[in-house]
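Pasting a structure below so you can have a look.
Chain naming follows the written order as A, B and C, and within any one chain the residues start at number 1.
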Amino acid sequence: MLKISKSRLGELFDAVAAKQTLYIPTDREPGAAEYKKYESGMELTKELNTVRSAKDFFFPQTENLADFRIDGKNIEVRDIREECGDFVVFGVRACDARSFTILDKVFLCEPVDSFYKNRRDHGTVVTMACSRPAETCFCQTFGIDPTSPEGDAACFDDGESIFFKANTEKGQAFIDSIASLLEEGDTAKLDEVNAKTKEIMAKLPLAKLSTGNFGGDKLNEYFNSDKWAELSEACLGCGTCTFVCPTCQCYDIRDFNTGHGIKRFRCWDSCMYSDFTKMAHGNPRLTQLERFRQRFMHKLVYFPANNNGEFGCVGCGRCLAKCPISMNIVKVMKALEEK
Amino acid sequence: MQEAMIKRAKELLADGSVDRVIGWKRGEFAYDITPAVFTSAEELEHDFVFDDFTAANVSKYLVKETAKEGKILAFLKPCDTYSFNQLIKEHRIDREKVYVVGIPGGPKLDIEKIKAKGITGVLSVKNEDYTLKIETLYGEETMPFSEAVLDKCASCKSKKHVAYDELIGEDGDVLESNRFDMVEKLENMTAQERFDFWRGQLSKCIRCNACRNVCPACTCENCVFDNPKSGIDNKAAADSFEENMFHIIRAFHVAGRCTDCGECSRVCPQHIPLHLLNRKFIKDINELYGEYQAGADTTSRAPLTDYTKDDCEPSVVHERGVE
Amino acid sequence: MNNDTLIPKIGVVTDIRQDTPDVKTFRVVAPEGGKVFEHMPGQCAMLSMPGVGEAMFSITSSPTNKEFMEFSIKKCGCLTEWLHAMEVGQQITIRGPYGNAFPVEGDLKGKDLLFIAGGIGLAPLRSVINYVRDNRANYGDVQVIYGSRSKDDLVDYKEIIDEWMADPNIRVDLTIDNPQEGWDGHVGFVPNYVKELAPSTSKTVLVCGPPIMIKFTLAGLKELGFTETQVYTTMELRMKCGVGKCGRCNIGNKYVCKDGPVFRFDQLGELPDEY
């Protein structure tokens, strides 16, 4: 397999960044990594994953949809879309890589969301295999192998070198573009690393968590469960879980008056917010119980019902780490399963 | 302590003094604790937890809980009792429906500080003589307790319970805290440095509203930022200054009412030191109107809602604004 | 780049009718004339005044009308207040069509049809009724039962009197909630009137109105011997995108904007009660 010594990773980043925009996960402060546009000298984080997921690259927190100019009774609609430049996101973990295929199911089904597709078409996802899963990880529950991540190209770290493998044509083109920096390397040590990671995977506290009891056929059984009241009792109704989640894709569309015209933008929204379904004449989800239930029913029942059994969760563990009251999908799954 | 609390809660449930108990419920790991309401001895024995990670301030939940029938036992740490008092003062909590048991405060631990040391795969955390023995997926680690203390506890203002019906353990005193040190540091910066500091911090905001929703001073039934009729409702920044506005407006709105419980910064997923905005107001109020601690009592008039002839003149803004 | 459904088109308001004290019907055409897009009865469109708001409205005109689209809109929020205040000639933005439609070319074909509407609930059904009138040979008996709070609250009253009631091929039964001077027709709530009229259970029913009226009408129909598979309705929930992506108008795993808004009651019955 082709590889590069870790000490030369900066050279590789420089080479990639010379041709297109490169984003890498880097430390913002101890314990908190985020994706940043690569600038020479920037170092790859040692954190397992970023605080925010990688969904921003394709589905940013806010984006402009259209501009309007109003002149008396007339309105001019301005299509402000432009072809986005090619970019590479490096170091995406297996869980986040899977989240893109989940987001694809939403945004690329008819009618295709051109804003999302534009970025998807121009982005190359280079993943990085995990070797140090955290206690909050449960990607294997969703059939994800963190030692063999998806994405256009996958990278593997054996401690000394980074190995590259193409998963798609785009990934192959990426590897070809840096081929002059790579050399053929022996994967014996990498195989050891992967075997060790798999041992850890089996020992993770959530290793036994299964989706066996969830899916589209559980609609009324779980919707009517009496567990929701207790589960949602302490929920603050904030959007932390939603916003750190790599698969949450609900959005709002708003207008902003700049003083010179109207910008219509979309932004992430959260089903946990009290106004999410509020209409001028009523709200079908009046209390936090209904809103909380919606979020988990969507991931565990509604999404698989509409997408051939695929769940709306990748087990990245961000909600486990970040919910201010430590309520999360794992606790919900375990509670719902209790008869 | 946990055993004593469970025992007392069971007694009070059994003799009918209270119908429910609000405290903390253990989670999947050593640290992921959820505020919870318990209604039976079995639930308490099975799930109730009080340890180094039970930092959450449960006083705000009492707004919702005291709107229900029956009486609730609330276990409040010293800092929580300040929030409780302030909520009483603002008529948000029905005092008659709460039986407050004062319990010792922190310092509590911050799992994120442990993880920031590179200690990951945390399976258990034990405090042995103020050294943390941390069992992880990758072997045992140790670190000093003091380095994993929550920021809000590291600058604790008081070990004294300002409201309770009974105490478990000894009461403490109001402390000489270092809580204004960072505010002073910010005050001593140039305007540009200070502006850069806050832009840097607030640009991290993902607008999840966790700070607002956890805040015991934020009990508006319909926040201006959620109300389409306010004209400033939003869910995301439409321009690069909006996150700043959200936090600054919120700080203004809780000024004089914020007890400095520190929950805003504790829950921020992006580690924005939001409490510093509130502390600036507290420090200014202390300096301009005389020492005042919100939540210290339930009857005194707050400086910003009270008029005295000694109040500072509006011109103070100009005097203090000079570089 | 291909067209994106989220980027709206311009519609010009060429006529505004005050139908009731709080309902106006707006006629919308493309700036170059003609309809902005084609639709089927029961489908909806997103109307917006940029800077004010955007919301989903059912298209009340029939697709058989080739010149314009119409929207009957009740004043109840920010955007609708703005729309009620605008004048003829105003441009608005419009995108769609969204959602499924009443199966006028499917299951409804050849059937005896019973339309039951309450208040502004006539708006989505008017599209179907006029479509059926224009394709009269394809359907059996047609009956319309329509009620409102008062005579003044009957939407499209002029069209009902002048056209529908004059049409020998359809039967129209009107009712108002309370007696009123100048009204010699039926007085009483729609669900009760339906029971009084006791329509034949051979009919396929399309019902739309306030939730409480739908609830009691459905119960009444069941008493009369109708089954849920015979009754269609159309739903309304908060929407933003119109294409099943923004995630808020779902009932269970169905998105009202995409899988609805038209549902048969047996289909609704399988979904959670959250609407």
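Quick note on the criterion: contacts are C-beta pairs under 8 Å (C-beta built on N, C-alpha and C of every residue); 3 or more make two chains touch, one makes a residue touch a chain.
Just so we're clear, the structure is a prediction, and the values are computed from it rather than from any experiment.
Asker: Using mean Cα positions, find the chain sitting nearest the overall protein centre.
Answerer: Smallest centre-to-centre distance to the global C-alpha mean: chain A.
Asker: Tell me, please, which chain's centre (mean of its C-alpha atoms) is farthest from the centre of chain A?
Answerer: The chain lying farthest from chain A is C.
Asker: Averaging only over C-alpha atoms, locate the centres of chain A and chain C and give their separation in whole Å.
Answerer: Chain centroid spacing, chain A to chain C, equals 40 Å.
Asker: Using CA atom averages as chain centres, what separation in Å is found between chain B and chain C?
Answerer: The separation of the two C-alpha centroids amounts to 51 Å.
Asker: Starting from the mean Cα coordinates of chain A and chain B, work out the distance between those two points in Å.
Answerer: Those two chain centres are 30 Å apart.
Asker: For chain C, give me the residues that contact two or more of the other chains.
Answerer: Counting only residues that touch two or more other chains, chain C contributes 78.
Asker: Quick check on chain A: which residues sit in contact with 2+ other chains?
Answerer: Residues 252, 269.
Asker: For chain B, which residues are shared contacts with two or more other chains?
Answerer: 228 - these are the residues of chain B that touch more than one other chain.
Asker: What part of chain B is in contact with chain A in the complex they form?
Answerer: 27-29, 31-37, 56, 61, 112-113, 115-118, 120-123, 136-138, 204, 206-210, 212-214, 226, 228, 234-239, 266-267, 269-271
Asker: Touching chain B in the complex: which residues of chain A?
Answerer: Of all residues in chain A, those touching chain B are 28-32, 46, 48, 51-52, 61-62, 132-136, 200, 203-206, 230, 233-234, 236-240, 242-244, 252, 254, 256, 263, 265, 267-270, 273-275, 320, 322, 324-328, 330-331.
Asker: Hey, which residues of chain A end up touching chain C in the complex?
Answerer: Residues of chain A touching chain C: 65-66, 68, 70, 73-75, 77, 79, 81, 83, 106-107, 111-115, 118, 216, 219-220, 223-224, 249-253, 255, 257, 262, 264, 266, 269, 271, 276-281, 284-285, 290, 294, 297-298, 301-303, 305-306.
Asker: Using the touch definition from the top, list the residues of chain C that touch chain A in their complex.
Answerer: So the residues of chain C touching chain A come out as 1-10, 50-54, 76-78, 80, 87, 89-93, 236-238, 240-241, 243, 245-250, 252-253, 270-272, 274-275.
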